[in-house]
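Two complexes, one shared chain (subunit A), two partners (subunit B, subunit C).
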Partner chain A sequence: MTLDWSVVWQHRDALAQGTATTFLLTVATMAIAVPCGIVVAVLRLYGWSPLRSLATAYVELFRNLPLILVVYWAFYVLPILTGLGLSPLATGLAALSLNVTAYNAETFRAGINSIRRGQVEAAMALGMTRLQALRRVVVPQALRRVLPVLASTWVSLFKDTSLVSVIAVTELAYVSMQIRAQTFRVLEMLTAMAALYWLLGYPQAKIVDWIQRRWSVTE
Partner chain B sequence: MNFDFGVIADNGRFLGYGVGITVVLSLVSGLTSLVLGLVVALARLYGPRGLRSLIVLYVDSMRAIPVLVVLVWTFFALPIVAGVTMSPFAAALIGLTVHLAAYAAEIVRAGIESVRPGQTRAALALGMSRAQILRRIVLPQAIVRMLPAFGSLLSVTIKDTAIASVIAVPELMRQSETVAGQSFQPIEVFTFAMLLYFLMLYPVTRGVDRVYRRVAHLGRS
Partner chain C sequence: MTERTKAGGSTIIRYLDVVKRYGAFTALRGVSLDVHAGEVVCLIGPSGSGKSTLLRCTNGLETIDGGDIEFEGTRLARDDRGLRAMRQRMGMVFQNFELFPHLTALQNVAEGPRTVLRMPLDEAERRALAMLDKVGLADKAPNYPSALSGGQQQRVAIARALAMQPDVMLFDEPTSALDPETIGEVLNVMKALAEEGMTMVVVTHEMTFARRVGDWIAVFDAGRIVEQGPPRQIFDAPTTERTRDFLGHLGWTG
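Moving on to the complex of A and B:
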């Protein structure tokens, strides 16, 4: 078995671009999924009852589907539903956002629910409106509890971006597998891909551990 | 747009075979990763120091590398290194086990550590050996507390088997792709696949909640 690791260095530009796309997807998905998750969570908790069941159905559905299937589904169904010719990147972003929004909604709902009702009641007894109580009392405490969960969702999302490679989004996994197919350097390229993901993901996992130690709430 | 769900009926057996493979792969890899996870967790808690840091590295690495990458590497690169050929199913089983065992190990460790150390000390004072304490005092309480986490791990396992489609394991995702490609009716086929996956996953999520509520009192101390 002769190995030729120079193939990795020769394709460094493509790999760097794939890495950039992976990060772009992660950041963009989170930027969409956090506000949308808050909206869905608030709808589930305080919404008009048909909207509430709709939000619940959405969260339950997407939490119980494999992401790779959602990606394929978005690829074939979104262009027909919307009538737009979406790029693979936009389709991948849509699929990831649909998935992560459902998880985030559940995170925010749990965060808000974890603040005891007595606190809202006390705030209202002091003359605050419900909205004021939510904004000044509940949300600041809920955010603190939600942050560690969001951090681990971030790491899962970073890994899950590899799944949009099946619809030819040129992120790290897709780029590496393309180079493998062109050069037939299977072992080298696949190992390089794993090593790159490891190098990028390992520090993130460690930061998550740190955030969880730092912000964990004990009652 | 008009939809024709006849394509589902025409390929019923083909898709049904996919469901079978998904179920078998989920159950088998769920079980193997549980066993490996238990061994890894015990080695991390009670093993020698060198082994412990090696296990921490393994667990954290699996948290950093995507399943897709693990599966593709196991199927395409491992045979080159090891010099053996593997069926896609075997590669998926190995890849999923190695990946999920890291998560299982963390669940087991958290469960064991959640049993207060005072109980272990009390048992030691009564003259029990370490192995006895683990078997009679710690594990019976810890296992109940681990149940909800294992439930969500099982649903993660079922979802991850869908990724095995990229290494051509003929499970539901792969079979759906094939039918969608042959019939040119991806919307009908993938929507039906969504329904099937939901029907498999939702009872797991709900069932575990129910079982846990029944047995939760056994884990209290």
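Moving on to the complex of A and C:
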């Protein structure tokens, strides 16, 4: 078997485009899923009880569905539900956001719950309101505690964006598969794809490690 | 009851037949006690006898199920706003310090004046530094709690409470979580505070401190005060069997 690696270089522009879309999807998903995750977590913890149940149902649904199913579901069902003709990119972004928001909500909820009761009591003993205690004492500590988890979610998300290739979002995986289909250079393209994901993902994982060291609060 | 040396001061806290239940368990079965201005009142007794519970009821961290607590002549508020106003005048020190780990020592002490009293940052920090100096830790101002020993953390916690310029200080077993070699530095700060005339309610297992610094001792057992009086009475001539028992178990020989 002869290998022809030139195919990778020939398609560098398409691969660069795909890589850019992968990054865009990751950044946009997190930009949506972090604030939404905080809102869902706070609703689950302190919300009016019907809202609390709704938030719980949402989290339990999307945390326990395979992401690829959610992607397909968004592709076929969202247009019917919303009456909008969403682009594959927007559909993929919606599916990823639904999934990651559910995970982030659990992360934030665990973070807030992990702060000892005594911390709130110490704040209230100074004369703070419950909201001041949450804002000045609980949330700042909770954010620091969950930052490493959020960073790991980021790294997983970066790879999971490849799942939206099934609905023809032209990110890195989809582009690579397209080139493979056109050139029949299966081994070369799969290897190139693996190398690209790894080279891009590894530094991010290292940054996560650094964040964990830098931001951990010791007591 | 024997003479009460500082009873001339006005009554700051009055507990009247206080009852506290947790479900089926009754933690306080009708506790009555007066705390006068400038007094150091020590609550002693076995674990689970209700002394910490009474302290936590004092500033409304726990609600009471019966009786009354009066603070500076008014009934303890039941609404949030009223409670907050009262808490500002009562400093509290916890067994586990409960310093805010994401803030430096200085920021910990300045937090109350900043957030609750809405003091400008520089003014709050000036006051915080003065309070840290008072507990002998001005040089630790930029340190985070994790870089301090247990004794130092507790002194910062005392400074944090003092920064609100309270009328009363409540101490909930302030030395129970400390290494033996750092207990002394915390007790010294408390003693100095008492000598300045601060009114203090102290839940403690430090019998030497209670005897030397306390003006009035209340002995708790099973949710009741079994005996109260000046330290000489409690430690040298206890009038109840239960007090003798408790002190005997501690190996206290007077």
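Simple rule for what comes next: the second predicted complex is superposed on the first by the 215 of 219 C-alpha atoms of A that agree within 3 Å, B and C clash if a C-alpha of one lies under 4 Å from a C-alpha of the other, contacts with A are read in each partner's own complex, and residues count from 1 in each chain.
Throughout what follows, contacts are C-beta pairs under 8 Å (C-beta built on N, C-alpha and C of every residue); 3 or more make two chains touch, one makes a residue touch a chain.
None of these values were measured; they are calculated from a predicted model.
In the three-chain model built by superposing on subunit A, subunit B fits alongside subunit C with no clash.
When the two structures are aligned on the shared chain, A:141 is found in touch with subunit C, with no touch to subunit B. In the superposed pair of complexes, A:163 makes contact with subunit B only, with no contact to subunit C.
Judged by the touch definition given at the top, the superposed model places A:128 against subunit C, while subunit B stays out of reach. When both complexes are overlaid on chain A, the residue A:205 reaches subunit B alone and has no touch with subunit C. Number of subunit A residues touched is higher for B, counting subunit B against subunit C.
In the superposed model, A:72 lies in contact with subunit B only, and not with subunit C.
Shared-chain residue A:119: touches subunit C; no touch with subunit B.
With chain A used as the common frame, the shortest Cα distance separating subunit B from subunit C works out to 22 Å. The intersection of subunit A residues touching subunit B with those touching subunit C, taken from the two complexes, is empty. Those residues of subunit A lying in contact with subunit B across their complex are 1, 60-61, 63-70, 72-73, 76-77, 80, 155, 159-160, 162-163, 165-166, 173, 177, 180, 186-187, 190-191, 193-194, 197-198, 200-202, 204-206. Per the touch definition, subunit A reaches subunit C in the complex via residues 116, 118-119, 121-130, 132, 136-137, 140-141, 144, 217-219. Of all residues in subunit C, only 59, 61, 80, 84-85, 87-88, 90-92, 94, 96, 98-102, 111-112, 115-116, 144-146, 160-161, 164 touch subunit A in the complex they form.
By the touch criterion given at the top, residues 1, 60-61, 63-70, 72-73, 76-77, 80-81, 155, 158-163, 165-166, 173, 176-177, 180, 186-187, 190-191, 193-194, 197-198, 201-202, 205 of subunit B touch subunit A in their complex.
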